[in-house]
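Okay, got some structures for you below.
One chain, subunit A, links the two complexes that follow: it is found with subunit B in the first and with subunit C in the second.
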Partner chain A sequence: MWQTFGFEFVNFYFIPGLVVGCIYALGAIGITLTFGILRFANFAHGEVMMIGAYFTWTVMTLVKNGLGFPIHPLVAAVPAIALAISLFIFVDRYFYKPFRSAPTIRVVMASFGMMLVIRSFVQSVWGPNQLTFVPGIARPNETVKSFTNSFDMMILMPNKHFWIIAGTFVIMLALSWLLTKTKIGKGMRAVSDSPELAKVSGIDVEIIIRATWIVGGFCAVAAGVFLVMDLQMLETTMGFRMLLPMFAAAILGGIGRPFGAVVGGLVIGLAEELSVYPWLGNGPLLSPGYKTGVAFAIMIVMLVLRPSGLFKGRLF
Partner chain B sequence: MDILIGYSLYGISLLTVGGIYAILALGLNIQWGYAGLFNAGIAGFAAVGAYTFALLSTAPNPYHYGGLGLPLPFAILSAMVLSGCIAFLIGLVCIRLRSDYLAIATIGIAEIIKLFLKNENDLTNGPRGINKIPRPWEHLSEERFYTSAPMSWISDSAGWDSFFDQLPNWWWQPFFCGTILVLVYIIYRLLETAQRSPWGRMMTAIRENEGAAHAAGKHVTRRRIEAFVIGAMVMGLAGAMLSQHLKLIDPTNTFDPSKMTFLVWVMLVAGGSGNNKGAIFGAFLVWVIWSASEIFINSGLHLFGELVSNMDISLLKTRAGYLRMVVIGLLLQYILQKYPDGIIPESRPTSKGN
Partner chain C sequence: MSSLPTLEINDLFAGYGETEILKSINISVEPAQTVAIIGPNGAGKSTVIKSVLGLVNVRGGKINLNGQDIIGIAPDEAIRQGISYVPQTHNVFPNLSVLENLEMGAWTRKTGIKERIDEMFTLFPDLQVKKSKIAGSLSGGQRQMVAMAKALMVDSKIMLLDEPTAGLSPKYQSEIFQTIKKINGSGIPILLVEQNAKQALEIADKGFVLVDGANKVQGTGKELLEDSNVARMFLGSKD
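Moving on, here comes the complex of A and B:
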């Protein structure tokens, strides 16, 4: 059973799907929070993910060339997160804030413009070509391999996948603590539910908005770093490629519902990978070229049938 | 004399591409300016138009289906119709969505169209794209045209051969440019009429206050789908013209879903959404800024390369192209904040006619 069916399914479809799902989930958290609290679809979110990954790569390269020893991407991500959050707050201050009381569409357009500005900036600084993040082939973790092999269920899981899944889990725990236990997190949920009511009950909405950018920026850079750890290379278009699945995840989980976004991200990631599994006959169910269309299909079905998402998100 | 011809040819090509972008901006103006529909998938509709035109009009070839060699006007009309049909299907599903959701959905549609063009190798030749797309006027000098129906009545192939040989090789450029400008003018007149008609005023009412328009008995959804389809047809036409101008199209570079869409948005917002004059003005203005900045940056870099002689500026040149995009993006932000209604704001037709 395992040899004929499970081995291939788990190692080549399920685990990659889970990994991609984790990345989508982290990205979608930021999108759903911005959408819920600031009430607009932030098109620049994917680009912040991308620039965060580029910052991380730069820190790694600088340390390696300057100090002579390599550092783990997750360590290099710390200064990158600070930079990306500053960028988010800078963009909000000068490009989004003037439109707070204007029709939503103006700020959507501004974010659409920022998407191109950030991407072109990265292309002009780091160049439009792919960069290698970590060279070489990722070998499966020997301990996991031999351990699971003793149960006749060999799992091939490179270390990077382990880091991504564990890292997502830790961030999720921290986020749930932040949103349910701290004052600022409760404020974020309050503003997301009803900004007017939150304002009259004495919550400073501008502080909440800043907190939203910080949380969203943190998750976005984490997602970006996990993505390049998985792909092992950097590309300037990867932020845009991630944008649609992340929006799909946010809509699937319900706008303004961070945990919905996590579920949505995992569902979209798994659906994308499992759609190319040979469910019927020998060939893949869906031609791999169309894999990225799966997220879009799920999104459209959700928007038409249940626009509030799985977890009763906000409807605008 | 040669320099003079060179400069005027540059001016003509500027007008040609500016005109194609003006058609795109006019198409977007129907959707956004008239009806308030945020379409972020302009490149997708243009790609549908371009590929339809290319597949129907190119000569048969062994690499992919299509290449039917049909007459050009028929191929242009088909491009518009197919683009409109796709917009209709999308409209049925997505038109009720609020602006942001519609933007996300249309980005997705543009991506799906790109995936289709990239993956259906048999039909579209995949990532390699389609080349040798016939260009109006210039196509008359192609053998397959002057040996067949109307042209072969006038003269035989030897006669046409010698006729085209005596023309300068750029003879078709002013004609092609003129064709596009005439198209811009026709679309402009049609849209102006539409805006002043009851239909146009109803669209404005729906855009400004959907609830009130609905309460007054207007069929909001149907009107929106109409605007979406008409806009997409105009974009399909622009796509067809663009494919003729380029002669070679491929799914990724020609129709970069964000860059092309973005440029058209900047044009419409800068010129003044809701105003057709504004859309045309914005298209030419942004296109001239876009092309002029390329020349300025390149000559600036060239000068820099002369001064710092031991440096390779080719790397800087490719990078500077992206910097240009940053500048255009910041320009959009500036216009959005300082001139939210554009350079030529929308003017409402009065009840007394003009």
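Moving on, here comes the complex of A and C:
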């Protein structure tokens, strides 16, 4: 059973789907929080992922060239996250804040502009070509391989996939603690529920907005770093390509519902990968070229059948 | 020396954008009083309350809280000053638990949050049982109680209630009025906007009738209950 069906399914479809799902999930958290709390669809969100990954690459390269030893991407991500978050608080203060009481469409358009600004900035600093993130072939982790093989269910999982799945899990736990146990997290949920009532409850909405950029930015950069760890290369359009599946995940989970976004991300990631599994006959069910279409189709079906998403999010 | 009114609204002009809604409103709430505002739909009752909170454009007049001018105050600052405000609709966070709603009401409060929550559970015993329930899952009457308890989490100098009994069953309506009396009995002055004119005037020390953005009649609760014009307009009397 494992040899004929499970081995291939789990190693070549399910685990990659889970990995992609984790990346979508982390990205969708920021989208759904910005949508719920700042009330706009942030088109620049993919670029936050992208620039965070470039910052991480730069830190890794500087350390390697300057100090002579390599550091793990997740270590390099720490200063990169701090830098990216500072940048986005700055952008919010001087770029989005003036639009706070304007019609939503203006700030959506502004975020579209910000998307182009960031991408052009990265292209002019780092160049438009692909960069190698980590060279070489990612080999399966031997411990996992021999351990799972000892009960005849061999799992071939490269270290990078282990870090992505474990890292996402840890971030989810931290996020759930933040949103349900801390004052600022409960405030974020309150503002997402009703900004008008939040204001007349004395909640300092600007602090909540800053927290939103911090949490959303953190998750986005983590998603960006996980994505380049998986792809082992960087390019300036990678954030933009993530945008549609991340929006699909946020809508699937329900706007303003961070845990919904996580579920949505996992569902979309798995659906994309499993759509190319040979469910019928020998060839892939759908040609791999249609993977993005799967996310799009799920989003459309959800918007038609249940626009508030799986977890009853906000309707606009 | 006479004591200052807790809330004094003098010759108030206010509105939304360009439209003027309130034309020379005068209302005052003395310490420990319950004051009712009644009037037809669209008279500007909610707008009066929103002016106190800095939610509408005030064009002229005075609003003093304990003698201090609060015109143009930011809403969160108004709450910090001790104004307990219960909006007419959307007055709880539906996806937060009852307890979390109270905690959000205490956002501006530095100390004594636990004690205040316990006081609220004494005032609203129903809420203690439901404290982990999501506010959106409660009945209308219970939600109204969450909204009131949440508003009272500050050190209230005055409580502003906008139609707290609208849409509730008679049983809940009288429960809410009883609770308002209790809150007032603890020394918190109350400004109450109500459609339920009769019950409101029965618990009110003073009442103001607003029509079309202006003061029409005023008097003690008893006087207004006996006023034949008021009776014809709002109390469902047939003469």
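Methods note: the second predicted complex is superposed on the first by the 316 of 316 C-alpha atoms of A that agree within 3 Å, B and C clash if a C-alpha of one lies under 4 Å from a C-alpha of the other, contacts with A are read in each partner's own complex, and residues count from 1 in each chain.
The criterion applied here is as follows: a residue touches a chain if its C-beta (ideal position, glycine included) is under 8 Å from a C-beta of that chain, and two chains touch if they have at least 3 such contacts.
Since the structure is predicted, the reported quantities are computational estimates derived from the model, not experimental observations.
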{"item": "When subunit B and subunit C are modelled together on subunit A, clash or fit", "value": "fit"}
{"item": "Which superposed partner A:174 touches (first subunit B, second subunit C, both, neither)", "value": "neither"}
{"item": "Which superposed partner A:183 touches (first subunit B, second subunit C, both, neither)", "value": "second"}
{"item": "Partner chain in contact with A:244 - subunit B first, subunit C second, else both or neither", "value": "first"}
{"item": "Partner chain in contact with A:95 - subunit B first, subunit C second, else both or neither", "value": "first"}
{"item": "Superposition-derived comparison: subunit B or subunit C, residues of subunit A touched", "value": "B"}
{"item": "Subunit B versus subunit C as contact partner of A:41, first or second or both or neither", "value": "first"}
{"item": "First (subunit B), second (subunit C), both or neither touched by A:196", "value": "second"}
{"item": "Touched partner set for A:120, first subunit B, second subunit C, both or neither", "value": "first"}
{"item": "Distance in angstrom between the closest Cα atoms of subunit C and subunit B, superposition on A", "value": "16"}
{"item": "Touching both subunit B and subunit C, residues of subunit A", "value": "none"}
{"item": "In the complex with subunit C, residue positions of subunit A that touch it", "value": "183, 186-187, 189-190, 192-194, 196-205"}
{"item": "Sites on subunit A touched by subunit B in the complex", "value": "35, 40-41, 43, 95, 98-99, 102, 104-106, 108-110, 112-117, 119-121, 123-125, 127-128, 240, 243-244, 247, 251, 287, 289-290, 292-293, 296, 299-300, 303-304, 307, 316"}
{"item": "Subunit C - residues contacting subunit A, complex", "value": "53, 55, 75-76, 78-80, 85, 87, 90-96, 100, 103-105, 107-108, 150, 154"}
{"item": "Complex contact set, residues of subunit B against subunit A", "value": "36, 38, 40, 93-94, 97-101, 103-105, 107-109, 111-112, 115, 118-119, 258-259, 262, 265-266, 269, 318-326, 328-330, 332-333, 336-337, 340"}
